[in-house]
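All chains are identified by letter, namely A, B, C, D, E, F, G and H, in their written order; residue positions are counted from 1 within each chain.
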Amino acid sequence: MDRKQIEELLEDVRDGRLSVHEAVERLRHLPYEDIGFAKVDHHRQIRCGFPEVIYCPGKSNEQIAQIMLRLAPTGHNILATRATPDVFENVKKLTSLEKLRYESPARIIVLEQAPADCETGSIMIVTAGTADMPVAEEARVAAHMLGQHVELIADVGVAGLHRLLVHLDKLRKANVIIVIAGMEGALASVVGGLVSCPVIAVPTSVGYGASFEGLAALLAMLNSCASGVTVVNIDNGFGAAYAAAMINMKIAGK
Amino acid sequence: MDRKQIEELLEDVRDGRLSVHEAVERLRHLPYEDIGFAKVDHHRQIRCGFPEVIYCPGKSNEQIAQIMLRLAPTGHNILATRATPDVFENVKKLTSLEKLRYESPARIIVLEQAPADCETGSIMIVTAGTADMPVAEEARVAAHMLGQHVELIADVGVAGLHRLLVHLDKLRKANVIIVIAGMEGALASVVGGLVSCPVIAVPTSVGYGASFEGLAALLAMLNSCASGVTVVNIDNGFGAAYAAAMINMKIAGK
Amino acid sequence: MDRKQIEELLEDVRDGRLSVHEAVERLRHLPYEDIGFAKVDHHRQIRCGFPEVIYCPGKSNEQIAQIMLRLAPTGHNILATRATPDVFENVKKLTSLEKLRYESPARIIVLEQAPADCETGSIMIVTAGTADMPVAEEARVAAHMLGQHVELIADVGVAGLHRLLVHLDKLRKANVIIVIAGMEGALASVVGGLVSCPVIAVPTSVGYGASFEGLAALLAMLNSCASGVTVVNIDNGFGAAYAAAMINMKIAGK
Amino acid sequence: MDRKQIEELLEDVRDGRLSVHEAVERLRHLPYEDIGFAKVDHHRQIRCGFPEVIYCPGKSNEQIAQIMLRLAPTGHNILATRATPDVFENVKKLTSLEKLRYESPARIIVLEQAPADCETGSIMIVTAGTADMPVAEEARVAAHMLGQHVELIADVGVAGLHRLLVHLDKLRKANVIIVIAGMEGALASVVGGLVSCPVIAVPTSVGYGASFEGLAALLAMLNSCASGVTVVNIDNGFGAAYAAAMINMKIAGK
Amino acid sequence: MDRKQIEELLEDVRDGRLSVHEAVERLRHLPYEDIGFAKVDHHRQIRCGFPEVIYCPGKSNEQIAQIMLRLAPTGHNILATRATPDVFENVKKLTSLEKLRYESPARIIVLEQAPADCETGSIMIVTAGTADMPVAEEARVAAHMLGQHVELIADVGVAGLHRLLVHLDKLRKANVIIVIAGMEGALASVVGGLVSCPVIAVPTSVGYGASFEGLAALLAMLNSCASGVTVVNIDNGFGAAYAAAMINMKIAGK
Amino acid sequence: MDRKQIEELLEDVRDGRLSVHEAVERLRHLPYEDIGFAKVDHHRQIRCGFPEVIYCPGKSNEQIAQIMLRLAPTGHNILATRATPDVFENVKKLTSLEKLRYESPARIIVLEQAPADCETGSIMIVTAGTADMPVAEEARVAAHMLGQHVELIADVGVAGLHRLLVHLDKLRKANVIIVIAGMEGALASVVGGLVSCPVIAVPTSVGYGASFEGLAALLAMLNSCASGVTVVNIDNGFGAAYAAAMINMKIAGK
Amino acid sequence: MDRKQIEELLEDVRDGRLSVHEAVERLRHLPYEDIGFAKVDHHRQIRCGFPEVIYCPGKSNEQIAQIMLRLAPTGHNILATRATPDVFENVKKLTSLEKLRYESPARIIVLEQAPADCETGSIMIVTAGTADMPVAEEARVAAHMLGQHVELIADVGVAGLHRLLVHLDKLRKANVIIVIAGMEGALASVVGGLVSCPVIAVPTSVGYGASFEGLAALLAMLNSCASGVTVVNIDNGFGAAYAAAMINMKIAGK
Amino acid sequence: MDRKQIEELLEDVRDGRLSVHEAVERLRHLPYEDIGFAKVDHHRQIRCGFPEVIYCPGKSNEQIAQIMLRLAPTGHNILATRATPDVFENVKKLTSLEKLRYESPARIIVLEQAPADCETGSIMIVTAGTADMPVAEEARVAAHMLGQHVELIADVGVAGLHRLLVHLDKLRKANVIIVIAGMEGALASVVGGLVSCPVIAVPTSVGYGASFEGLAALLAMLNSCASGVTVVNIDNGFGAAYAAAMINMKIAGK
């Protein structure tokens, strides 16, 4: 029941075609869906060009292609994250979408249909090591598609502190910093202690043995002695970018 | 070696009282401490009235009192978190600080010496159940002392969705939302799906059995299907308040 | 906005005191709360005399007493679970409720104000050992207060199979069986293999060492080779009773 | 020793062909097998057409085929769960069973020999995301083969609450609801809070990082704040369907 | 229905007082209990004087006393394990059993009513450190009450190998060896590599930090590179003694 | 330095060809190896035909072949456990040992050079399900090569208790029972409660989800409520067979 | 049998008082103990004044006192670690040892009977926070009693990097550094990256929630991206001091 | 800004070409990088020929090749650890570096450009089993490239103690011992108890089931009852070699 139908119902009441009692009954069965017309923001993610996002693992190529084709006509940008090159090839064939492109280290399929128009903030991404780059790239591409300015400082793990400290000015100027690190994840605490802006920490599954697929870095980041550090799931570059973009949107007053 | 000393050194060089070689040697032994004069912000936490914070567990009453007495003359506000009533009584006696007060459910000792002057933002705290209140109070008191407007919506766990939805307007107007929940921690995902602002999730140790002291809620929050949710340590109300305050400060352009 | 207010709104539309456009706007701001009048069943748990339930841990005596006093006037039965004798004494004093009684091994405070009137089904509770009795009693008292016939077969762990098998007829006649066991939790699988009714397994924290506070029994029950066994949280006698009561209500067509 | 043999034994006693002492001795060695004639229901799973079930992993194609061929002559329906397409092809060849078919996303080999004749109840399956579909399909096919009416509501995760709420009426009419969700598993609690029927929660291994192969969802579901939710093993769609079918059979008085 | 009743039933059939059909029906309802007369050994643990055993934790003093009083008239020896001194005092008062004694480091209440009469074997108990003594004493007292010869070699942890090797002859002569060790649990592997008899390893909760309450020792013992080592639960001295006694009984041909 | 060399040394001392001081020095450097002549039994595993055992994983085909060729001339039987068919093919080629054979489900390469001559005991292997067969076969082949009589009762999981009980007599006659089960591992407790002989439990990695690769079964078996059950590592069929053989050797007085 | 006894044995052989055969037999029964005369260093820990060490937890006051009294006459220094003040009071009374003193934050009972005489090296102890002091003190007192020069830099956690960097010169001059940190344990990596000497990391149980009693710090330290960091058990200040002292002894050529 | 630039700045001040104020400003913006000229040792790892090290996993062949080519002109030795043969082939092609060689069991790509010139110490590597060899080889090759004398004692697990004890003299002469063991990791404690030098323990992922990929060995080594044992990450042969080399360098006074 959309707004139009409710208007018609009210007109029927007004014009005597429907009793008040009957109208109450009909409203009583008003599905929640329709309530949405009032307040539920069905399209939270589309504000000022936020892209639609498809998380690929566990979906068949056919399912990804179908969702892609259903979303494409909205004109929004679309991201399909954690896609293998093989998935991309298949989805490209299945959808015949010319503009579909593959951001390789980020493992994201991008359908860029409109320029992101909420370019409000700037995000600094900092990584501990080269092996963290796929996650960093996921964050970078996602943030870019979310209309953010992004800058990347790579390979500044805490075992070589000087490599990090040389970027201190840049770090201090950032609105939000995303710190990406595997192994012992110490970079989040060190960066968190140097700056006064929100720090979002992304543990990565980089490491072996007692890193337990990123658990060591995750626990370290959750226990950060630097106040103001918040954490997302292991390898969740997209989630960190999304949270950072939300902060930037608030800063921009959107 | 502070700025003044460096100026004097340079003046000595300028005036020929010190050779270039000798000056290089002295700068070479410049302790990092002094480098601070240039860029290290020793007092990150004191910006616009941010309080000094003492984490009590593992410290003796004497140690807490000593730190308190050392910090008091700065005129800053001081918080001592996770303090038992007993610790408060002892610290009060040991310090003889008249203004020391105890925020009881929050378990924070407060020395409020100056009004927080960075009242920039507003934070909404949402809790799942009554048993989450100590953590919520820790967040509320901390946020207040960090100069934030705070509002609290209590006891709106997902098993009674209507209790949450009635607050939807308030939630949608918030700058930042802190969601505090134990047991299965589902509230973070539900709130995260309803709003477009940053959500900071605090798992609590409320629960028993397979909650494993908050682990269940922690994992649930880290795996939130709602993008934009970030997480802090179990029961870390203070940390969530701090991160939220940082976001608000950025929004206020500080 | 309750049903009456909506009727008035519709009458205003009918009688021309309110334009259709204005009425749509008002409905548009209809808080979710009010939607409840239509479909949200605020009082799910009160159907045919289901008691109100307060989970005590993490709540102060004052909070428990307050909730108790707020709920008492509804005339419903009230349960406060996981209450220590000490909590009971305090809550009794704070509320001055004469009828408040304490079910000791079950650790439940009961305010029985009306006979449970949905006595529809029968539940069989089976325990592995004497140490499982507090959990079994929690389930038994809760099921009784939920209006169920309950029977208890105690101390029939799988190491003495004959003790269990002698009750086979009773087991086979039950509508629902709640199996309560700690240590290796094997009883759930054995019972599950002997009967054709739904079996709800409750792992208990009975055991030591590698029982890891009930984890061993929990995992065993989740991996039961007997189809049809479902599991609740460790020591969650109440939850098992509640789920069993729901099944019985469905059987009774309520 | 079946009923007939025991009758003969008793007749021999009656007719003096066997002494009482000898008869006692023979009964004393009565294998438990035979006791079954009295009370052990060997064929628990075959009641009113319940299918025979083979769990494939860990069994060779030859073993699956052999069991299939041994069970086929009973005329019962047969399910082989968790079968890969490759296993199906091999088992088909090895058994030469024409009617063997493969339910693809459900990963079940079906030999449907007779219509399920206990069509007593109706089960609602609710899933959080597209990636949960294989588990949902396993539950759906299994429930269908167990003679149940099944309905499926897909992709209604809690991050988009409106998608779920639009189905509220359907949910409220169900006898039993199976909730299938990975990641944070919050859907079980939300659904559990909206309905008054038994809810069986199936955590799935959908997710990454701190989902730890479904552990996060499992713990969340076990800690559900909604009373009446019971849980089965990770990805155990079949088990949930079986338990739901048992409840429905009890409702139907079978 | 005991043997006598079955004889009577058969006599009734023989003598024509009972029809074959009726007798079959009665046998059909023969409770499993009675089947025991044939084959179920109700008293597995009482063979040749094996004591009755009560595991105390989770049982109230009253429950322990009741079980004790119920078992005492059998004339068997009775052990109540994991009893605190306080439990002993209370049980002694409640039962008024004069002969009740407390084995202090073993934490066992003993009611010795008859000499153990299956003195068949000899068991060597080896401990790594002084802190393992309570578990060792539990094993020693239990083994003694099970009628075994027991010898104890204490404090021969692997960090001082020479202390162990000096006892090599004794170790090589043992029938069964119980190795009790906490911390890294290495003693089981070392002993297992030196002897040719069965080794039962008991991990203890001795240790701290990454010993995780005995988990480290448990895992080490399960992974022993010495073939022939089997393991019981953490701190389960009684269980090890029981298993060792069973081996000895088999050696003695009982 | 063997016994003969020591005799010669002593003879040299006796006959004045060697000074006491020099002899002490030589004895002082007596490698531990040689001490073995006195007490260290280098060949613990070779008693009465015990085979040499090679654990394959982590070793290259070349390494396995080399060890095999080095051991073959001793005339002992040789087992290489956890070998894939591929490893067998390679090792066969590399060693050119004609008699090398592959026990397929057991995954053991066997070089049988002499009949096992310590045929002393009898071992009963009991498995819960078909998927446990590879582990059971590993145990069976190993026990056979260790000179034991072995009998196997397969597929008697606790969900169908009657299938197990029919074998009760056989179980009661066994010297030692090896119980092999995955999933919830309940079979060990049930068997342990029915018999009076030592039970060695082998958890298997059969299962999925919350079985956590055998952890659920392992914990269940360690927490067995049946006294006398000891446990070996997950899937360790060989270890169980070895421990059982040791018990049987003691029973045979070897 | 000491060297002297062996000499006598050889002299008896030389002088014809003992046959070669008899001598072989005696040597054959040479207990391993005696082998020590040749190579086993019974007193590894007493080199150059290394103290005897008693680990208190799990030992009764009586046991500690007995060991103390047995060791005292050797004249060595004695440490009893992890002792509560209460244990100290009791042991003092039980032993009547005047010189017994209690190092309070270190929780060590000290009997200093001789000056440590291997003062060879210098150890730098670095701690992250005030709450790590008990562990640091345990390390400091232990290192002192092991004859080491010790220096302590406290409260230099990575959230305030400048506090650490100001001590860089001192750190660079150390022989060995012990880094003690709880929470996220990042200090070990940061220090490890700044210096070229061995770093021994001690995780502490300081923290809460997801620190899991020191597990987070432990994992972080094991995954340190700074090469050359080794780790000891959680809170094991003594162990770190001991390992550091061993390195220093090697440096000193002892 | 290097030393030269700072000299020039000071000369400009001296000669009046730059005001003191301006010089302070320039120093104020002195990047941390440049501070290095004073104290930060950028090239910690290059001391006396220490090689540059690349950890391969998570890096693409292209990235490894690029880093290799960037480092090669320094003339230092270069190690790329955890490289598969395939990675080696690709990197060799991509870099066209003739001298690149592959150390096969160690999985290290080596570019040896200069003899290691800090041959100061000697390291003993001890392994428990053949399957630990890849980790041992990683340690051996790394130690060799770090300029150390290395010796290897293989296959001396504690189940055959005599195989270890025969090497006691060698062990006692070592400066540092690296103990490499999987399964129960007991070798570290046994070796630690026999020697007086620092022992670095490397748990390996050798094992199965409850070894949990090396967790069992890791925990055992962390809980070693032998003081002085420190631990590195699972399978971290390189890290152990690096730490051992650092100790040796200190011993050599470098």
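We adopt the following convention: a contact is a pair of C-beta atoms (placed from the backbone, for glycine too) under 8 Å apart; a residue touches a chain by one contact, two chains touch by 3 or more.
Predicted model only: the values in this text are computed from it and were never measured.
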{"item": "Number of hops, subunit B to subunit F, where each hop joins two touching chains", "value": "2"}
{"item": "Common touching chains of subunit E and subunit B", "value": "C, D, G, H"}
{"item": "Mean-CA-position distance for subunit G and subunit E (Å)", "value": "38"}
{"item": "CA centroid of subunit B to CA centroid of subunit D, Å", "value": "50"}
{"item": "Separation of subunit E from subunit F, taking each centre as the mean of its C-alpha atoms, in whole Å", "value": "25"}
{"item": "Residues of subunit H engaged with two or more neighbouring chains", "value": "29, 32, 35, 39-40, 129, 160-161, 168, 193-194, 209-211, 215, 218, 222-223, 227, 233-234"}
{"item": "Full enumeration of touching chain pairs", "value": "A-B, A-C, A-D, A-G, A-H, B-C, B-D, B-G, B-H, C-D, C-E, C-F, D-E, D-F, E-F, E-G, E-H, F-G, F-H, G-H"}
{"item": "Subunit F-facing residues of subunit E, complex", "value": "39-41, 44-45, 47, 53, 168-169, 172, 175-176, 193-198, 200, 218, 222-223, 227-234, 238-240, 242-243, 246-247, 249-251"}
{"item": "Residues on subunit A engaged by subunit G in the complex (per definition of touch)", "value": "128-129, 157-161, 183-186, 188-190, 192-194, 207, 209-212, 215-217, 219-227"}
{"item": "Subunit F residues within the subunit H interface of the complex", "value": "31-33, 35-36, 40, 42, 55, 57-59, 63, 67, 82, 203, 205, 213-215, 218, 233-236"}
{"item": "Complex interface listing, subunit B residues touching subunit H", "value": "3, 6-7, 10-11, 13-14, 16, 20-21, 23-24, 27-30, 32, 35, 37-39"}
{"item": "In the complex, subunit A residues that touch subunit H", "value": "129-132, 134, 160-162, 165-166, 168-169, 206, 208-211"}
